[in-house]
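Order as written gives the chain letters A, B, C and D; numbering starts at 1 within each chain.
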């Protein structure tokens, strides 16, 4: 029983972190049709920026707020200067370009902060632990478990009840026509990409107290968030939530069950879901 | 004219180790293997219009099969090659079956996922694969050719062995793209809907193409294992899958030999940049940006088109 | 043309189709007789293209049955329907753009002969394919463009390539969707004559949709009229011409 | 209002519009007539900015807009209803309107949701349906209403009756005539009967060139033009 609850908590907190990262990826894909290979690098930058800001202000909260903003600005610049040149192109060029951005960002991080890993402590209020049966379980993970659904609800409300959210949905469903009713679609694209990067950066900053901040952290997360997005259905918002939960829980419970090849579990989940539903759980039919 | 050129090229490759240093022979071997890998990959991308981002998986399966068999005392290289072919064929069929129903970016992501699954297995199944350190070749690979034992530790021997296998592999690819199936593949790239309404079973055609491509990638992996004297999880990583993509784009995916040319350019650049800095990756990234933005048909393809236009406007 | 009683080649029994909540086909039943040219007409948006999509297997009907040569083909995927020799052409030119005219014709020939999975034999060694392709190109007046890339051809010629691809599969029946759409008068005339010619020379049953009434009345022997997803009328061209309901559907009371 | 001067438009390598000039004045409905594939939609796409002409100029209220982006032209006051309507399928009708509102221009009575409901009453019933759930006729009417949300000074209607049942075409004609009191309209049509009934002037286009232009009455009487270029 105790093991079950601990696994559940681990799965939920990891799942919520995955959700934050995947939702940015899936939004960018849903609106712009671009699969951003560099999304994990923006996540990593969020963690490193948070680390750097904490050096000056010594406050996790300031880092958590400011770091994602810097990531978003960087994303905005990258969209304006590079990505906007290749929307009409073949998928392969889009993948290669974001891959190139990944190479540059990852190597720059290694160059600036070195190959070693860094540790960030959670803020005082969240650094304690709660007794779960006989184990003490970190408060910070509870914080993540609560934060995930909160962010999900806020985002959902944003997309469905604000004018900005509706505009984004309009541009997502038909960019050409959106321009035809006077929407500045290129600007919407830039902002959506920046928004996606902001979410990635936020995920990175939030992950920094529980994951070691290291140059490989982006590479690790990107594949998992790809899987989340594929099993949830590409571009689907609820898909990202459910997909992240499934992956988080399955990975957490799988650790005990199989041991050595537990890292292959996400891929098995991917294979099974695709066999049953080739478009992912919430995916629309591919026209 | 074209035949003469190809003949001269083959002649050049045959005598390369005689005229170059060991260092360049090694690079030539790597170019041949990676170029062949890229050409196998390009049967999907350039000829069938399918972008697989998990081809390193099959490459790695070929490499690991080779390393594991050599470690367990198998000494017939041809038998090992045969087994490597069978193993990568099985992997391609299984993964292909799960992937071919998807299109474009979905296909790319799913193949990426499955490629990473193979990576994870190689990385974590330590007892069998040596884990993250990989599997070094403990035994000297010896080729038994009509009773004559040839050691492939010698770069020159390895070069000829690689050359022959790659040559046969390219010949197979050449036969395929000039066969009825080859035209069907191009038809699928051009308009899969129309092909379907002309009686083509898209999933099945794709599965065949995927299997051929994956299996030949496994052969490239077999060679690469001999070349690097080991198999490591890196061979299966998705960033390794990006290599054939880059090479095909560099050399031109619509040209049969394009990916091979692309491999040569890739390694030339790598050698050149590594003379000045260790941060080859960052430079690769910086190089890729103008390539993706400015060369819509791949580097050679775009230059060729431009030249053709210039020529046409003059005449 | 024979007047003897012909058997049914295609039978459609009460088919329905909807996109989401929007009903496009509303219970259509009809029978097409073997041979000659039958036309399907109706104002834009009547559901003609959807009807073709359903018959040719692009998507299954939400309800109803389709029989081709008395075989129930409801829900078959396109490539299986093609194997039974029911072919279609498309309203929007649907060809293999970056291949040559000859290659465009060769593709269905390869598929028809089951040589799709011939991996190692050189295509050029299949002499009979080239001869057959040459015949088809000759019939369609495309032979002079044999080695040209299709995307470079004029619109009318592209449409002919499209018909050629369809014809190469050796059909018993062809669904021709708006064969003259977007053509100029000269191209239209050429295409109409070609269809008449092909119909007389071969045993193929043509089932065409067409918006140009002159074309419809001059080529077809029997006409079905679709209107808002239902069958409004059927009959010989004379009967249809004089049908008051049809007139109204078409001209919307503006005359 | 709108003046198109000798535009030449290519799609890829194919030369679609081979020199077209036309004009729309205040208070007019002008029809652009021609067969399927004659180049009507391309002309519209060129005017609004999707397919900028390789040669020639487009003026809107004496401002050269040839090189403008689509959304800039819409903001200047050109409302656009495309041939295929293209409502945002996942948004409700009301949301389709909401995202399209632009600040009104001086001297023009601003469009609000209420005003649209009172001028085109059927729209009100549809407001909570999603764009993708409407029938062809409903889509067309909603698409016109959506274009009004941009507070246009000129409306481009590309093939408004395509694919519509006759009853709806009639209804549409009434709506268009009603709008004429507020806003000039350039409309393309295959259906010459319909177009000539409600428009003041017409241009006949074939193979990317203007073959004839004149008043609606002149066109109605000219049987030769009708037979040669129009699907009558």
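Assume a contact is a pair of C-beta atoms (placed from the backbone, for glycine too) under 8 Å apart; a residue touches a chain by one contact, two chains touch by 3 or more.
This one's a predicted model, so the numbers in the text were calculated from it and none came from an experiment.
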item	value
Furthest chain, CA centroid comparison against chain D	B
Interface with more contacting C-beta pairs, comparing A-D to B-C	B-C
Distance from chain C to chain B - Cα centre to Cα centre, in angstrom	43
Centre distance in Å when chain A and chain C are each reduced to the mean of their C-alpha atoms	49
Distance between the centres, which are taken as Cα means, of chain D and chain B, whole angstrom	53
Multi-chain contact residues (two or more partners), chain B	none
Multi-chain contact residues (two or more partners), chain D	none
Residues of chain A whose C-beta touches two or more other chains	none
Pairwise chain contacts under the document criterion	A-B, A-D, B-C, C-D
For the chain C and chain B complex, residues of the former touching the latter	56, 77-79, 82-83, 87-88, 90, 94-99, 103, 106-108, 110-112, 115-124, 126, 129, 165, 168-169
Residues of chain C that touch chain D when the two form their complex	20-22, 43-45, 155, 181-185, 211-212, 227-228, 248-249, 251-255
For the chain B and chain A complex, residues of the former touching the latter	45, 51, 53, 98, 101-106, 108-110, 112-114, 116-117, 120-121, 123-126, 238-239, 242, 245-246, 249, 279, 281-282, 284-289, 291-293, 296
List of chain B residues in touch with chain C within their complex	172, 175-176, 178-184, 186-187, 190-191, 193-202, 205, 208, 212
Residues of chain D that touch chain A when the two form their complex	48, 50, 69-71, 74-75, 80, 82, 86, 88-91, 95-96, 98-100, 102, 146-147, 149-150
